[in-house]
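These are the structures in question, set out in turn.
Both complexes shown next keep chain A, but they swap its partner, so chain B is in the first and chain C is in the second.
Take a look at the complex of A and B:
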């Protein structure tokens, strides 16, 4: 039988324990509720509403904002460039970015010459201010590199200013920027592979290339999956640092959907009448992206040998 | 030993702190206050002025503050206080419509802001009602006019809410202009000569050669004292202008430069060109959507044949048709020639591509290239495209060069080129200029919570900064014009920079279109209509700036029709309010 004293003591301990948990998670929960739940619900509702700037009231317009995405002539740039640029940026990030990250991570993991140096240099962009780095890169690539490697066009324009090379120059920067986190994560994943596996490889006379493709790569598929799946989820929200490069001035030819959405809100500030169309575009993007993300996740699980 | 070390360290730190504290004190004495015991011991009344931290800087506000403090050093505005301390704080917060929402979050009592929809201050109740401050004559400063009396009719209507009350007044006249180096023009005989004078090409042969009448077709002083000499010798037509550019190239001078990283400036020059072509009434119609327009055109981009449309009654329903104004096409055509003309080697003739399109060339770099072009080893540049605020913004460049005679901020002679006319038969028409964005001076609604004495003090300072004396000192310090009519006081005309005095003359002689009105399409959909140069050309893509479009082979005709296509009836009808929703 529990005495009254014991019961009170137990209750006190339970309250103490739950108070601790509550104190620990209440702030993150509030933040999540405001910054994620509220924002997303609000964005969803915005897509079906329209703001009257005169009376400052909202009214439901059902699918008018979606229809306007196709009727509004100023959306031409989105359909013509932004969507393809977003897809292109994702493709480069995956096929070039992840491939190089994996190779560098493996090199560092295998303690190749100057491996630690590469680790620091490649991680440096992640700890420095992006704005500072971009200012340096912009000048360095546009003036210095362009002149040294004779990459200027007939008008003397460097690779950041030339309309034909802007996009790829920016993507080069983005790939480099993504190295820090990518290399760190892949190296960590590789470190978790049992040493005995590598010992066995050595005994079997496996060369480095075989080791990478047959042993290492299959073992870190879950990490790669995370990068690929989150990358797909962010295809149409990634603004590839265009704002830092050009502020609001990026030419339509290099804009991505993410940049377009960002600029719409940035330029219009408190003019809420301009929010509905981007919100509708956001929902359309989600409708396209969500199944692709789920499919990619399912597909990656299928090719993951660790699942067996 | 350790104790001694500790003591020494503590002593050193204490002394450092003491030095710092000494440095903090006594700052107010620089204003020239007398050291009478009463004024130094009593605290001062305080006024806080916030200024958008941009090209116009805030040195002019500091002079106002200093003069006001000096004039009132022995006056008590509030019980227990003697004198005034005016603090000027520049801030990036006083830009765009967000400022109208957050103004009351700031301590500034009076705020000079840029590109903020003035009516948002009123609907958000963040601005203080200053109707009486603006409409009462400035008699306490020995003037008979009120602030309102000094404003243009357009500004009275807009800021006074069409007969309502004032919650703000205009700050600065911000024109996008072709700025030119007067001395370079003189040294190279870049002026057109009067009929029968000059060389075989019509240019002056020396500084003494009589000059042509310029685009306004007049010279000398007008009946009402207008100075018509400012544009004498300037190219009168577009063709004259490009003939001059060719002469510049032959003389080893680069005709144009602008900031490659700020393509918007060169695009905004379209407004200045279009306004001069259209004239005040037709250009201002872009912000009233009320009037008769007989200058609308349509272009067949396959043949470049221009069709003039019938006279059209413009109203709220069809305001989008103003995108077809011929002035914009003529402006595009002019800029197309500037940007795309090439020489025999297929190189850009009038501009340096890497300067004018290079992303790493900032506005400050471009200012430096223009101002320093005539220095030994430099490439002289005759004209520079930027807004009138640039002259104050370039103070670092001016300071660096100030040791050289004629290169200082006040002795450098830079002028604003009057826009040449599109055709010969337009020569003689009055010049029209255009401001590219709104700038406003508002009073923070927070002051409503202050004591009556403090409000009276802020009122007095606000009114003081709109006296002729303060408007003059602004022109002197900012090298820019506040859009008010006033007499120059305290300074001689020769004290001002040439750039400042030219703006004064332009404002007093010409009409300036202001890009705002109380029309709902402008109040609520300004971003769709104004400063929006987007164009969509079938098969050649979308463009925001003319430079990238022309570089990509888009013609002026295609760009024009692309702009028209983007502002069609569907788009226009979507810019709705109230019952339409």
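Take a look at the complex of A and C:
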């Protein structure tokens, strides 16, 4: 039987507890309401509205902005190149980037020669500004590497200046600089695998590659899932550092959707009439990406033997 | 002696597997490219623009003629590789709002200050908000807490694309555009991977500490700040350092939302694209890059163990 005094005391404590909880979350929630909820609702509305600079008013144009995405000649580059480049960049970073990250992580985990030293070396580019690295790499690849390895074309253009090799040279840079955090995460995930599993492998005479594919890889699928799913979610926001390479002047052939969207805001900061088309494109791409991400997450969970 | 020999042979057998040899070779190549890139840039940052354009890989004809005619090779090399380039960069490297014709121009010292203001302020706002929300969600389990955690995962998996124009619109309307307080407010968000790392960390703290403090009559704020935050201080520290580096290096946000206050990264991004002026040549660009690398390199050397030791401390699962 609870006395009235005890009940009052309990109630007082509950009020105190939940008041403290409310005090903690109120400010972050206000920020979230403005910078996430309101911004996204506004973005949704922008896709259906258009700004008239003469009268300085907004009007509803329904699906005109979406239709113009297909009709507007200035959007041709998006359909012809940007979407495919974004997908290509993702493909390269997954198949080349993640594969190498996993192999490097396994090497470090198995205490290969100078493993700890390479761990630091691989992490180093992650802490340096992309702008700094690009300001060097741009000339190093275009002038030094192209000349030393005779990669210049008939006109004397290096691999960054040559339109045919430009995109791959930029992707090489992106993959080259992206190992740090991934390698650390995968090494950490490998460390959490029970020692007894490796002891059993040793007794069974399993070699390094078998151990990697049969034991290690299945055990770290959850960590790989995080990288793949967040990677898919970021396909169309990734500008593959094009702004650092070319500022606003990247040629359409190498542009990605992320770069296009960034440049639209950068160039037209205060010109509201240019806001609607990127907003419409964003909504369309979000609608396409969302089910793909869900499907990938579901698929990764299915292939994860640890889920059983 | 035999024992030692056997031990060495066993060690060599373990280390020099085909897999190790291949990966070692790839990693060595990686290292060589990285090191040679910086050495090449540093050496060329000391040359004149003319000599670099005449021969970016070796000595230019002018330099070669000087070397051939010299009797004191060190004095000649000193003449070719000049540290004065750095003095010129410090005197001339400036940046302003690239979208405004006659905007205020800021030199490196001001850009460094803007970088510090931007990186420290945004990191503090972001880490504070994330840790408060992660604490609230783990220590006060309720429907709202679960909804917040679900939202964080949702926002990571489904980033809403193309919200940039809308964000610009909202920031301009609310007076958050082009001022530090505005950008701090935008950074005061709780979404992202580190929120999940922090919730995992708070869940990992044994409840005994909290219960003992409650018995001693500690207030909820004291328990949060003095006990729970202290228990996860290693992870908080690592997140702070990683976020700080991210903000320090970020050029895209300051260029868009803080254009009148160029940070070092944003100033360098503007400078790389410049084609005219006294320091438009490539050697000056390499020099500016070297100057920007230095603070972070020092930072990395100081915090390397803390940074790399704790970055993986929290488990993430989606």
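Here is the rule we use: the second predicted complex is superposed on the first by the 272 of 308 C-alpha atoms of A that agree within 3 Å, B and C clash if a C-alpha of one lies under 4 Å from a C-alpha of the other, contacts with A are read in each partner's own complex, and residues count from 1 in each chain.
Quick note on the criterion: a residue touches a chain if its C-beta (ideal position, glycine included) is under 8 Å from a C-beta of that chain, and two chains touch if they have at least 3 such contacts.
Because the structure is predicted, anything quoted here is derived from the model rather than measured.
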item: Overlay on chain A: chain C relative to chain B, clash or fit; value: clash
item: Contacts of A:297 with chain B and chain C, given as first, second, both or neither; value: second
item: Partner chain in contact with A:130 - chain B first, chain C second, else both or neither; value: second
item: Which of chain B and chain C A:143 touches, first, second, both or neither; value: both
item: Touching partner for A:71 - first (chain B), second (chain C), both, neither; value: first
item: First, second, both or neither for A:270, with chain B first and chain C second; value: both
item: Partner contacting more residues of chain A (chain B vs chain C); value: C
item: Chain B versus chain C as contact partner of A:31, first or second or both or neither; value: second
item: Clash-bearing segment of chain B relative to chain C, given 93-101, 129-137, 147-155 or 489-497; value: 93-101
item: Footprint overlap on chain A, where chain B in one structure and chain C in the other make contact; value: 138-139, 143, 246, 249, 269-270, 274
item: For the chain C and chain A complex, residues of the former touching the latter; value: 15, 17, 19-20, 23-24, 26-27, 30-31, 33-34, 37-38, 40-41, 56-57, 99, 129, 132-133, 135-136, 140, 142, 144, 148, 155-170, 172, 174, 185-186, 188-191, 193, 220-221, 245, 248-249, 251-252, 255-256, 259, 264-265, 268-269, 272-273, 282, 285-286, 288-289, 292-293, 296-297, 299-300, 304, 307-308, 311-312, 315-318
item: Of all residues in chain A, those that touch chain C in their complex; value: 16-18, 20-21, 24-25, 27-28, 31-32, 34-36, 38-40, 42-43, 46-47, 100, 103-104, 107, 110, 112-114, 118-140, 143-144, 147-148, 176, 181, 184-185, 187-188, 192, 207-209, 212, 222-223, 225-226, 229-230, 233-234, 236-237, 239, 243-244, 246-247, 249, 257, 261-262, 264-266, 269-270, 272, 274-276, 278-283, 285-286, 289-290, 293-294, 297
item: Touching residues on chain A, where the partner in the complex is chain B; value: 50, 52-56, 59, 61, 68, 71-74, 76-77, 80-81, 138-139, 142-143, 152, 154-158, 160-161, 163, 245-246, 249, 251-253, 267-271, 273-274
item: Residue numbers on chain B that touch chain A, as the complex places them; value: 96-98, 100-101, 120, 123, 260-264, 346-348, 352-354, 357-360, 520, 523-525, 527, 534, 536, 541-545, 548, 551-552, 565-566, 568, 570-571, 574, 577-578, 581
